[in-house]
Structures are given as C-alpha cells and as structure tokens.
Amino acid sequence: MIRERYLNMMVLALLVLVPAYAVLMDEPFTITLATRAVIFALAGVGLNLALGQGGLVSFGHAAYFGMGGYAMGILASHAQNYEPLMEVPFVIEGTNSMPVIWLVAIVASALLALLIGALSLRTTGVYFIMVTLAFGQMFYYFTISWPAYGGEDGLSIYVRNQFPGLNTLDPIQFYGICFVLLLAVLYGVNRLNKSPFGLALNGAHQNEERALTVGINVYRLRLVAFVISGAITGLAGALFADLNRFVSPTMFSWGVSGEIMIFIILGGVARLFGPVVGAAVYIMLEHFLGGLSEYWFIYLGVILLFVVLFAKGGIIGGLSKKETRHAG
Amino acid sequence: MPDSILSVRNIEKSFGALKASDGISLDLVAGEIHALIGPNGAGKSTLIKQIAGGLKPDSGSVAFMGRDVTAKSTAQRARLGLGRTFQISALAMQYSVLENAVLGAVGQSGSVFQFFRPAMKDPALLARARRALDRVGLQDHEDIITSELSHGQRRQLEVAVALTLEPKAFLMDEPMAGMGAEGSRELTTFLQELKHEAPILLVEHDMDAVFACADRISVLVYGQIIATGSVDEIRSNPQVRVAYLGEEEPV
Amino acid sequence: MTTILLIEQVLNGLQFGVMLFLMAAGLTLIFGVMGLINLAHGSLYMIGAFAAAAVAAWTGNFLLALMASLIVAAIAGAIIELTVIRRLYDRDHLDQVLATFALILIFSEATRWVFGSFPLFLNIPDALKGTIILPGGIEYSLYRLTIILIGLAVAVGLFLLISKTRVGMRIRAGENDREMIGALGVDISVLYTMVFALGAALAGLSGALVGAIQSVEVGMGEPVLILAFVVIVIGGIGSIKGALAGAILVGLTDTLGRTMLPVIFGTFMEASSATTVGSALASMLIYILMAGVLLFKPTGLFGKA
Amino acid sequence: MISTKTKQTLKAVGAATAVALAMTSGAMADGHGKVKVGLITTLTGGGAALGVDIRDGFLLGVQQAGNDGIEVVVEDDQRKPDIAVQLADKMIQSENVDILTGIVWSNLALAVAPAATAQGKFYISPNAGPAQLAGKGCHKNYFNVAWQNDGPHEAAGAHAKELGFKKPFILAPNYPAGKDALTGFKRMYGGELAGELYTKLGQTDYAAELAQIRAADADGIFFFLPGGMGISFLKQYSDSGIELPVVGPAFSFDQTILGAVGEAAMGIHNTAQWSPDLDNAASKAFVESFKAEYGRIPSIYAQQAFDTANLIASAAAKADVKDMDAFRAALLEADFASTRGDFKFAPNHHPIQDFYVREVIKDGDVYTNKIIGVALEDRQDVYGVDCKM
C-alpha cells in the first residue's frame, strides 16, 4: 500500500519515461499509444469533475469530445482549402494554429455544455443519465446526416496543425504538447477541487439538502461544473482530432461516452489521477488483449465487470491507502 | 405580529385529494422557541418544507424579516439567514467536521464561485467555521470524518453548520430525536441560550422536551393549526388533548 | 399526402411504438422494482432473436421459436441476475451502467463466437404472411397487425399481473418499500430473480418478433436499447403505463416525422435540400421530444417525483 | 511454398491481429525484397461478416500466389475510424509495412488512406471507393481494386433504364455513401422518379417508407441499404404486398447476407463487377478453392480482396516495393489474372471494368447469384477527370 500522492508521482514518471524510452528505442507507435492515453486521460479528467466531484453521471460527454474534434476539423479544413469560414457580416478565416483551435474548441464545447447542462440539470438520477445520453445521440445523428462537413465520412486533415516553435508531426513533440496540457489541467482541477467551489460541489454531491440550506445555489454550482467539465473534454477532443488528423461522427457516439466513463471507473472515481490511470490501462488492455484473440471484447468485459463489482475505488483505490479528502 | 421574524400566512398545499396544509398561519417572534407539534401525518414536514423553500405553497405566503420570500428558493432563504437542521442529519458524511463547517461558511460568504484559492486555507472561512464549532463544543473534533461521529455529535455539527450562517431564525426538525436524556438536557440548555440570538421554530416529537423548552406551542392536526399558546395553555386545551394526546372527550 | 396514407402512417407509428413497448416494458419493470438501470437489456433482446432463429432453423416452427426466445432469454436473464445483477442493487447508477455495459461486450462477442459473424435467417410464419385489407381500403401487413395485438396483450397482461395478482402485490410492495417486503416474509431475492427473468423474457420475445422482419445480427440490440430508454424516460421510469404511452409517442413522432418533415420542408425549400434537412431533423426528432418532455416534466409523463 | 503450419493458421485465422504469414523459408521470388502488407478490417461487431470475408479472401490470395516474400499483418478496426487510423499508424510506425489494405467502409478509408499515403505508403482498397479519393483527393500511391462507390449504383441505373422503368422509387440511408448511391443511380438512369427518400442510418423498420412507396404509384424500386438495413428492408418489402420489380447494388444481395434474407431476395436483379458463376478460369478456381478452404461461397468482398492480393503479388514479382516508382508502375500494369476477367486501371488508379446484372437464385439449399446480363461495359468512374496526380 502506498500513499495516493506517491502513486500519482509514479504515474507521472511513467508518462515521462515510457515515451522517452520509445524515442531511444525508435518505437514511434508507442509514443502514439501514449499520446492517445494522455488525450483520453484529459477527456476523463473533464468528465471526472462532473461525475466524480459533482456526482453528475453524464452519459453524453461524447458530445463535448466531438464538439472539440469538429472545432478542429472545421477550422483546419477551411484553412486547408483556403475558404473562409464565413464572409458575412465579417470574414472569419479557418486556421491551423493549435492554440487558436484549442480556444475555439474550449469555448464551443463550454457553450454546448451550458446549453445541455441547463436543460439536463433540471433532472436527477437515471433521468439525468438518460437525458445526457439522448443529447449525445442527437449530435451523433446530426453530424452523420449534415452534409456540410463530410457527414458520416468525417473530415480528413492531411497535416497536423501547427504550434509555434514546434514540429507537431514529430510524435514526441506532439506528445509533449498533450502531456503539458494534461499537467496544466490536472493542476487546475486539483486547485479547483480544493477551492470553495470544489468544496461546495463535492459537498452538494454528498448532501444536496445541506448545500442548499447553507445558501448554495446548487443548480448554478453544478451547471458551472458541468460547463468546465465539458470544456476540458472538448479540449481533449480537439487534441484527439489532431492526433488522428481526422474527425468523424464516431466521436459523438455513445460508445465514446461509455469509454470515457470506463477510464474513470477503472482508475478510480473522484480521484485526481483516476482517469489518467484508467485511460492508460484501457489503452494497454486494448493493445495487448486485441492481440490475444478476435473475441477480445469478452476479456475486456470480464475485467471491467470485475473492477466494478469487486474493486471499489478502481485501480488507484486498490493500490493506495485511503487518504482523507482534501487533506491540506 | 410586530416583531415577527418569520410569518406564515394562510398557506395551502394539496397533493391530489390530500390537503396537507389547509390555511396555516404561524408566527415566529424574536427571542422565542416556538414548537410545532402534531400527530404523524398532520403535515408538519410539508409545512417545514414550504417555510424552508423546498416546496411551493398552492396559495398563501411566507415572509421572513419583513420580506415576502414565497417565491424564493431554499438557497436564497438560507442566504437571508434562515438556518436549518434536519431530523436525519443532512451533512456531507465524507467530509471532516471542519470541512462541513467551512462548507457552511462558503455558503454564507458567497464565495462559491472562487475556483483557485484552497478553501481550507482561507483564514476568514476557517475562523467563521471554528467559531461555530466552538459554540457547540466540537472544537476538538475538527479532523474527524463526519460519518464517524456519534449521533449526538452529528446533531451538534448540524447546529454548528447552521450557526456559520449567523441566522436570523432557526428551523429545527426534531433536534432531540435519538439523543439520550443527558444529551437532550444539554441541547435544551443550549437552545435556551441560542433563542436570544435568533428565534427557533422547533418541530419535535418528544413532548417532555417540548414542554421543557418551548415558549409557545402550535398544534397541527390534519393540515390545520388547532391551537397556539403557552405550554400551560396547550396542556389544558381540551381540543388538543383529544386530537393529539389521544384522550377521550369528557362526556 | 392523402388521408389514407396518413392513416396508414399513423398505424405504422403505432406498430413501431408497440414494438418499442415490448422492449421498454421489461426495462421499466426492472427499474421500477429493483431500481436497476440495465444496459444489457439489448443483449437479452439479441439473445431472444438468436435463440428463435436457431430453433426456427432446426424445427421450422415459428411458435416453437417464440417459446425458445422466451425461455432462453429468461434463463440468460436469471443467470446474470444471480451472478452479476444482484450485486448491483445497492450500488449507484454509475456502477450499474458500467457493469451492464461490460455485460453487453461479453454477450455480443460471445454470441458472435457461437453463431459466427453472419446475420441469421428468421422469417415470419406462412400463416402470418401477406397483407389484409383494413376498412377504408388500407392494405396492411398481417404480421405487423399481429405484433400490435401481441404488444397490447402484453400490456394488458402486465397491468393485470401487477394490479391483480399476489406476485404483483409483492412487486408493488417492493417498489414502495424494500424493507417492508422483507418484513412481510417474502423472499425478496427470489422475487427479484423472477422479475428480472420476466423482463428478460419480454426482451427476448420482442427480439424474436422483431427479428422475423428485421435482421438477426450481433449488435441488433443496442439501437433498440437506446430507443427503449428514450421511451421509458419520456413515460416516467418504472411505470408500465408510462412505457406504453412513451412508446406510442416515440413511435408516432419518429414515423410521422421522417415521412412528413421532408414534405413540410419541401414546401419552402428546394427539393433535395429539403430531403436532406428534413431527414437530418427527423433523425433527431425523438431526442428533441425527450428533451422537451423532461423540460416540462423532469420525471417523465407518469413518473413519480 | 506455404508451409502446412501456415495453412492451419489460415484455416483457423482466429486471431484478430498479427496473423503474420512469416515465410522465411524458401527463396525470394526473383530475388526481390519482401513485401509487408498491413490488413486493417472489421472483425468484431455488427459489420464483421464483411471484414472476415475480406481477410479470408486476401489470405487465400496470398497463399495461392506462392510468393514467400509477402507477409501479412491483420488487425481489427472495430469499424471505428479512430481505431483504424491508430492501427494504420501502428503498422506504419511499428510494423514497418509497405502496403496497407483491408478497409471495408468508406468513412474509415477516408481516414486511413490519406494517413497512409501521406506517410509514404501504398494504400490499396479492396472495397471502399469514396468519390473524394477518385477525384480531387486522388493520390499516386492510392489504388482501388474494387470500384469507385458509384459503380454498382450506376450499373443498377443502367439496368433500370434497360428494364424500362418509367417511375422508380429510390431510397438510401442519409449519409454520404447513400447520397452517392442515389446520385450514381440517377446518373445512368436519367428518367423521372416516383420518389426519393433518405432513411436514417441504421434504421431497421421500414413500414413508413413502404407505405410511401405504395402510395407513390411507382413502377420499380431501387435501394441501397447495406448490411442489416437491407436485410430488414427486404424482409419487410416481401411482406408488404407491394409487387414491383426491384434493382439494387450487390451489397444487399451478397453471399454474406443472402442466407439471412432468404426467399425474400429470390429473383431480384442486382449489379456487381463479379458473381460466383462468372465464367473464367481464375474465378472458377477461386470459388472452388475458397469453398474448399472455408466451406462457404465467397462474397464479392472476398473476391475483391483475393484480386487485391493477386495484384500485390503480381507487382511484387516485378519490382521491389522499396522502389516506390517501379512498384507503382508494376501495380498500374495490373498484370494478374483477375477473377473478373478483364481488369485494368484508369489514370486515377480506379478500375475500368464491366458490371454484370445478377439474379438471386437458389442453388440446392443455398441462395446465391447468377449472371443474367451485362449492365455496363468497361465502365470508368466520372470523378477521374478531377484527379491530378
């Protein structure tokens, strides 16, 4: 048994060492896998804020993931084809600058989360799960049947977008970008969790009545958390699109929402590094089990079932001592 | 009433055919403990919910500190200074005692949308929380996880969290429930002190406790208040004896 | 659009709704009694269809195939209830979602492992083939009419079961108060297994019924599952009456939406973009309906607050 | 030579991944270097039947080519574009493959093909042929051995015209391939329509559409509804009492799904570049050996993949894959015995080929197709004019 903090440090060390090793050994695909894990982790960190801290079981976070992806796809495809995004009333050009794309992705998915959250948060429990799922599906079908940006075919962006001073096509440099963003978001979310906002959010999760009776507007509190959560997942979506240089409606599918939830459960709900560990383990399972058998989903299902039924607290919960919440 | 802190006027609330509140009027005046009693199913919790804000009356009004708060939410009423404790402890069970108290302070200070500064290192929040814990005698239990507290301690913590709001009035739902005789006595003494800061509307099952500490008592039966008065008046009210204390009507 | 066509489309919407009801009834029953959200319900639907297809191929008898779908799905349901589901009753919805999501993965690939990757054959019985002419000159598929009747019969049966029988009383007691039913001396775990198996059997039956006019393949359950969730959320989770109302509402909205929206858009738009926009909107329509219902009734049409 | 052990692997082909036919024994054909092929296809979930046939057909082709230098790595894309791209990256970056192939679906091909060609690899499509990759987005290292997507639909349009349809009703799912299908049909049919419908992707109940068809006073039906959608539509159509002639592309009448549709498909005319009864030596040998190896009649997907394998083998016999210009030239020659008879590439690296009209028949217990005519001869896609390599 180790303290959770040390465990987190070890996870971070691995996220540095494994890609470094891959560079030395010239195994770029390992870096690609690590990048994928880091991006999924980021999406999971976003959902974990709503789900873990806030107790808001969103089964539709694919909507923000996809929104981030399409923010990248649309901006970059316009830049690629030299067609302005809109000309009336003023000209907006596409762009292939990552920071601009991130900003747009964050704002767009935050707005979407504001809209969906404002409606969904009127419900609770299973209704909330289902209504968020339904909103996700709504966007899935919309992107499939809307022809402007490729419909089900999606959009291919032939070159990765640019980041000033870096060669983003070099796997390790792109990994670096994603990793630094993950670190920044983890730092921010950690501060957030300890802030009055985080205290209230988790407090309202533990006992809504109590939060209300000390004068906290729980609806607004949750809505803000939901928006931040969606924005983070949206940023992950933009990075994911850049990793694949491709976006498609699949990013909106309910399977993606389920996967993001799986990362959190695997790693440990409401734990800062839960989604990070969960995403990394999921990617490894996918990679190695996929090599084992054509029917590898059976094994994945069994493992998942086992974790849910018997390993409360996920992998981090299993490996670390119980630490008091908000210690310090 | 002139110095009424909380006044309920002609509240009506129906669930289908059931009339849970049937024209209830009630006042809580400064410095008093006003107990609300009534048999099970009389509509006590429905009334409390309407006063606290969880439920909107079909008609009638609730005024608090001279303002009509009928349309205000629970959170808004709390921010105006309506402190509340629950029959079944409503606390963040995984938080420490101090964290629960700080949660109250966060709500009171309106600092909910501060995202960056750690709440548990904020001197103002901590000071307010610790002051409240001191009042109820939990100052030595700050770091204990709430779920590990005894029943009585949870009650104390409930009161402490309510105190962080510096309320203008308290709404207490069966605070004595599950306390031993000793605990009840201590709490009674404490409430007697507290009422001078802010009057207390008390819903209580334990008749002895009510008679021991209440200044006034209202009796709720079938959604109506059948009597309001001092302890002695209520004790001797024949209607109350029949409807509530279950005595046969003298022939 | 002629009146006859409109009536026929309403009938189609009704029939689509009834198909959804068969699926949703089990889902909402299980939620109502045990408070469990079961994503693997779609897998039970698939199992029913596969069992029916296998038995039909073997015996050539559709009735036997239907029986098989009921029995196999009920057994599969009982097995997962005993091994997995009963550990989930006390868990939060998140764990339930995840665990039953895992069951989907297991069931889908296991089915593919047993039956292969190719879709199976299951046809409607000769006796129900073809169409009949309804009053008003509407030509309508006999089999689809049969589905409507079976669906309504199931609705009535469930209603009677819950309101009139001893088992139903226990179910209602369980819904209201799990402690109480324990105090009544009813073996609650047996009751739960029975209810779960009943829900599973309903899913299996609908899989078989629908499989005869659709495709019996791995993954057939998930799209229906999501529709069924939309249905029970609109109707109010746990309410059989709500499931029926929600199913018919969704069936009508979807059917009328996808046939009429392109026409409506065509009145003020150029034809091909009207088709595109109309179809795009039609595919989102039931989700819009669901969001709209929840906006006004956050616990569905017949849900308890 | 292929070893017995490999043959067993072929038969079992259980593993989704790394069915590496590593054939180190024996001399290299013509002394050229090895060719490593990455086959990414759908082996799990609903669409697995198509991917399984592509894999089996391809591996059979490699086995029969007798070139020990061809090594194949198989991976499952789960029908998810992002997984497909990731696998392509893996095969390129980690397995060092020279050629990628195997994708079933257009949307996945649109994700993978540009990624592969941008990283200096060949992509040879055994099934999907989206318009973008045939026209503006064509690439010198992208080859399509199946057809441009419009092909079978154009053939169906030509056949509908020949059958004398005056007012057919046409429908397809509301997604890009569906729109291409109706466009392709209309291009060669050219006449008036009774109605045109886009259905929801993945839709399984067609009662409403059938009612519209009945009311539309049509004299024929064209539909493109791949996979389970087509099975559902055909079953429901046959039970609807509507008795109109139906034409469609082969996708809904192919060996992978005929068994599930059964009698409902009997007699329907459908169009494809190949049929199991096609009368040429290569085709006959392929059908026989496929049946012997896997115990079922091959589908067009298996046939396309088999041709793809043979194309690669033919190029590998002429050029070293590391010499991309030479290998590309060798591919372009298409010097192999295609199962569809004549086969050559147009300048945009898509086939110029005949499309046949087939009819669904019952051969013993098995539903299959038989050729009843030619719909289009030497058809080349219309997008090639936009292709500038």
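By written order: A, B, C and D. Residues from 1 in each chain.
Please note the rule applied: contacts are C-beta pairs under 8 Å (C-beta built on N, C-alpha and C of every residue); 3 or more make two chains touch, one makes a residue touch a chain.
The model shown is predicted, which means the values in this text are computed figures rather than measured ones.
Relative to the C-alpha centre of subunit A, the farthest chain centre belongs to B. Distance between subunit C and subunit D, defined via averaged C-alpha coordinates, is recorded as 35 Å.
Measuring from the averaged C-alpha position of subunit A to that of subunit C gives a distance of 32 Å. Spacing of subunit A relative to subunit B, judged by their CA centroids, is 43 angstrom. For subunit A, the set of residues touching two or more other chains reads 141, 144-145, 147, 295-297.
Among the residues of subunit C, those touching two or more other chains are numbered 108-109, 112, 276, 279-280, 283.
Chain-to-chain contact here is organised irregularly, matching neither a line nor a ring nor a star, and falling short of all pairs touching. Every pair of chains in contact is given here: A-B, A-C, A-D, C-D.
Residues of subunit C that touch subunit D in their complex: 1-2, 4-5, 8-9, 12-13, 15-16, 19, 108-109, 112, 117-121, 123-124, 129-131, 139, 141, 143-144, 210, 212-220, 223-224, 255, 258-259, 262, 275-276, 279-280, 282-283. Considering their complex, residues 52-54, 73-76, 78-79, 83-84, 86, 90-96, 99-100, 102-104, 106-120, 122, 125, 143, 145, 161-162, 164-165 of subunit B touch subunit A.
Residue ranges of subunit D in contact with subunit A, taken from their complex: 14-18, 43-44, 75-76, 80-82, 85-86, 89-90, 93-94, 106-107, 110-111, 114-115, 118, 130, 132, 174-177, 179, 198, 200-201.
Across the complex, subunit A meets subunit B through its residues 191-192, 194-200, 202-203, 206-207, 209-218, 221, 224, 324-326, 328.
If you check the complex, the residues on subunit A that touch subunit C are 51, 57, 59, 119-120, 122-127, 129-131, 133-135, 137-138, 141-142, 144-147, 254, 258, 261-262, 265, 269, 295-298, 300-302, 304-305, 308-309.
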